[in-house]
Amino acid sequence: MSAALNGLTILAVCAGAFFFLAGTVGLLRFPDTLSRLHALTKADNLGLGLVVLGLLFQAEGLLAALKLISVWLLALLAGATVTQLIAHTARPSGPQA
Amino acid sequence: MLGSSLKHPAMADFLFAAAGLVLAMVAAGLARILWGPGDADRIMAAQLLGTGGIAALLLLGEATNVPAALDVALTLVLLAAFISVAFVKGATRSEADGA
Amino acid sequence: MAFDIGLALLVLGVGAWTVAARDTFAAVVGFVAYGLLLALVWVRLAAPDVALTEAALGSGLTGGLLVSASTRLRRAETRAVDERQPASLRLAAAVLCTLVSAGVAAIVLLLPEPAPTLAPQAMVNMAATGLGNPVTAVLMAYRAIDTLLETVVLLLALVGIWSLAPDRVWGGVPGPRHQAEPDGLLTFIAQLLVPVGILVGIHIFWVGSVAPGGEFQGATILAAMWILAMMAGLVDAPAVNRRWLRLMLVAGPAVFLTIGLTGFAVAGSFLAYPEPHAKLLILMIEIPVTLSIAATLALLVAGPPERAPGR
Amino acid sequence: MTEATLYGLCSAALVGVGLFGLIMHPQPLRKILAFNLIGGGVFLLFGAVARRGAAAGLGGDPVPQALVITGLVVAFAATALAVALLLRLFQETGRATLGSDG
């Protein structure tokens, strides 16, 4: 049972690390602000989400699990909303790249 | 949700390595702050560092058995949102100042 | 070890970038990243209490303050001509700074062995305070006078900021009035984040007696949430001449001082707690102190009054 | 080398880097940033000393750790005051630089 949970943790954390890689590549390679924004939100949400999922299999107790999920939800909410706000402030002057 | 008292030492090593890996990739993204060109890009790079840093922190906390790392992560995520809102508000205020 | 070397180099690189960046805003973003990385370093140095403070205050609240200041000063900064210092001065400064660094590095390498430590004394006496977190025990019991003075320092800084107000808005309301847009994104995020943040702030304050956390960390989060609510237009900043506000600001230090002085009568010296009641007394101090610190920190960020006080 | 020594050396370098910024930048906001950078370095030095003092089942000496928490709060108060002064200067004069002719 524990071995299965450990396996799930390894799988999810590895997938999460992959999405961080994708986000970094997107941030460095995409030509304009808005498409970089798009790449970044994907990486953010999925990368952190998968790491959190992986760690959930190791969590001790309900409070720790709840905190892990809250970290992800808050990052998701803040990230998405802030991305929108930034997109608004970036628009009037056009993509600056 | 099994206690980590059963945690395999190899698991701690793996999580530790994963923390390093995520941090290294995010550090590469930091080059965005160096290049700019716009404020929005810089905030985005900082946000990627924020999310990656939080992921690294969670992995590190689990690997080295520091449960308080969860509270640090919660604090970071709340304050990151606060900083981004301060940026948006400051930018609009700067326009108002100039008008 | 490889992880630590990488992290140390990353901290140094981001720190150097903060100094080297041509654009001030970029430097500020670098500083926020620097703070986040330092929080990771503090976890590595087995100091989760400091990691929390760094995340909340050193990086978070300071970062927000500097981000809004730098966006507001943008206009003035672009006008300021890029005055490069002469090469001779740069060289002299570089030599000086290298010497200072070398001096500090020498101190690090020559630290006495075995390292002196107060950890055993802190642990032995912790039982008497009824607390389970040695850092909180140091802040609230052994070095309580530092903590008391610190709350006073915060108030003095706030008095300094308020005294920068022009005459016509003396005692008025800090910052511009932010309009809430009922369907706005900012209103939405604030309505969701603020309650969660308040919960997290109280949690971190509350666990501080037994686990990493405490009044400064909790108060900082509460302060950030108050500012967030102000920026989203959910609440307006209070006029700084309001009596309830003044009371809230001094309540913490006042209770702290009163209990400290009572120490003379009941336990023989200033800030001594009679043993069976130590934990209760510390809690009685901590709750008003947390509220006072939260209000003070938020008003420090809000700045001097900019609008005349309403009635 | 232990991690305490490693981060101690890192703190030494940070103090130097921050000091350089404090001396060289003409803009006050950059000086405030550099001041905070130095602060981070000094606090890290305390952290290294605290880590070396690990004993009695604790990962570090709680006394320097508590001092760092106090220091962070005071550094914040000083930063807030400095920023308020700077913004006031900007409001009065429209400039955000020091010196006779900006």
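Residue numbering begins at 1 within each chain, and the chains themselves are lettered A, B, C and D in the order written.
Note that a residue touches a chain if its C-beta (ideal position, glycine included) is under 8 Å from a C-beta of that chain, and two chains touch if they have at least 3 such contacts.
Model, not experiment: these values are computed from the prediction.
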item	value
Which of A-B and C-D has more C-beta pairs touching across its chains	C-D
Distance between the centres, which are taken as Cα means, of chain B and chain A, whole angstrom	10
Chain A and chain D: spacing of chain centres that average the CA atoms, whole Å	31
Intercentroid distance (Cα basis), chain D paired with chain B, Å	21
Computed distance of Cα centres, chain D from chain C, in Å	12
Residues within chain C bordering two or more other chains	44, 46, 49, 61, 65, 69-70, 72, 186, 189, 193, 196
Interface hub residues of chain B, defined as touching at least two other chains	43, 45, 67, 71, 74, 78, 80-81, 85, 87-88, 91
In chain D, residues with contacts to at least two other chains	none
Complete list of chain pairs which touch one another	A-B, A-C, B-C, C-D
Chain D-touching residues of chain C, taken from the complex the two chains share	1, 4-5, 8, 11-12, 15-16, 18-19, 24, 27-28, 31, 34-35, 38, 41-42, 44-47, 49-50, 53-54, 57-58, 61-62, 65-66, 69-70, 72-73, 76-77, 79-80, 83, 85, 89-90, 93-94, 96-98, 100-105, 107-109, 111, 115-120, 122-124, 134-135, 137-139, 142-143, 146-147, 150, 153-154, 156-157, 160-161, 164, 214, 216, 293, 297, 300-301, 303-304
Contact set on chain C toward chain B in their complex	2-3, 6-7, 10, 13-14, 17, 23, 25-26, 29-30, 32-33, 36-37, 39-40, 43-44, 46, 48-49, 51-52, 55-56, 59-61, 63-65, 67-72, 74-75, 176, 178, 186, 189-190, 193, 196-197, 200, 203-204, 207, 211-213, 217, 221, 224-225, 227-228, 231-232
Complex contacts: residues of chain B adjacent to chain C	16, 19-20, 23-24, 27, 30, 33-34, 36, 39, 42-43, 45-46, 49-50, 53, 56-57, 60-61, 64, 66-69, 71-72, 74-76, 78-83, 85-91, 93-94, 96-98
Complex interface listing, chain D residues touching chain C	1, 3-21, 23-27, 29-30, 32-34, 36-37, 39-41, 43-45, 47-63, 65-70, 72-81, 83-88, 90, 94-97, 102
Interface residues, chain B side, partner chain A - complex	1-4, 6-8, 11, 14-15, 18, 21-22, 25-26, 28-29, 31-32, 37-38, 40-41, 43-45, 47-48, 51-52, 54-55, 58-59, 62, 67, 70-71, 73-74, 77-78, 80-81, 84-85, 87-88, 91-92
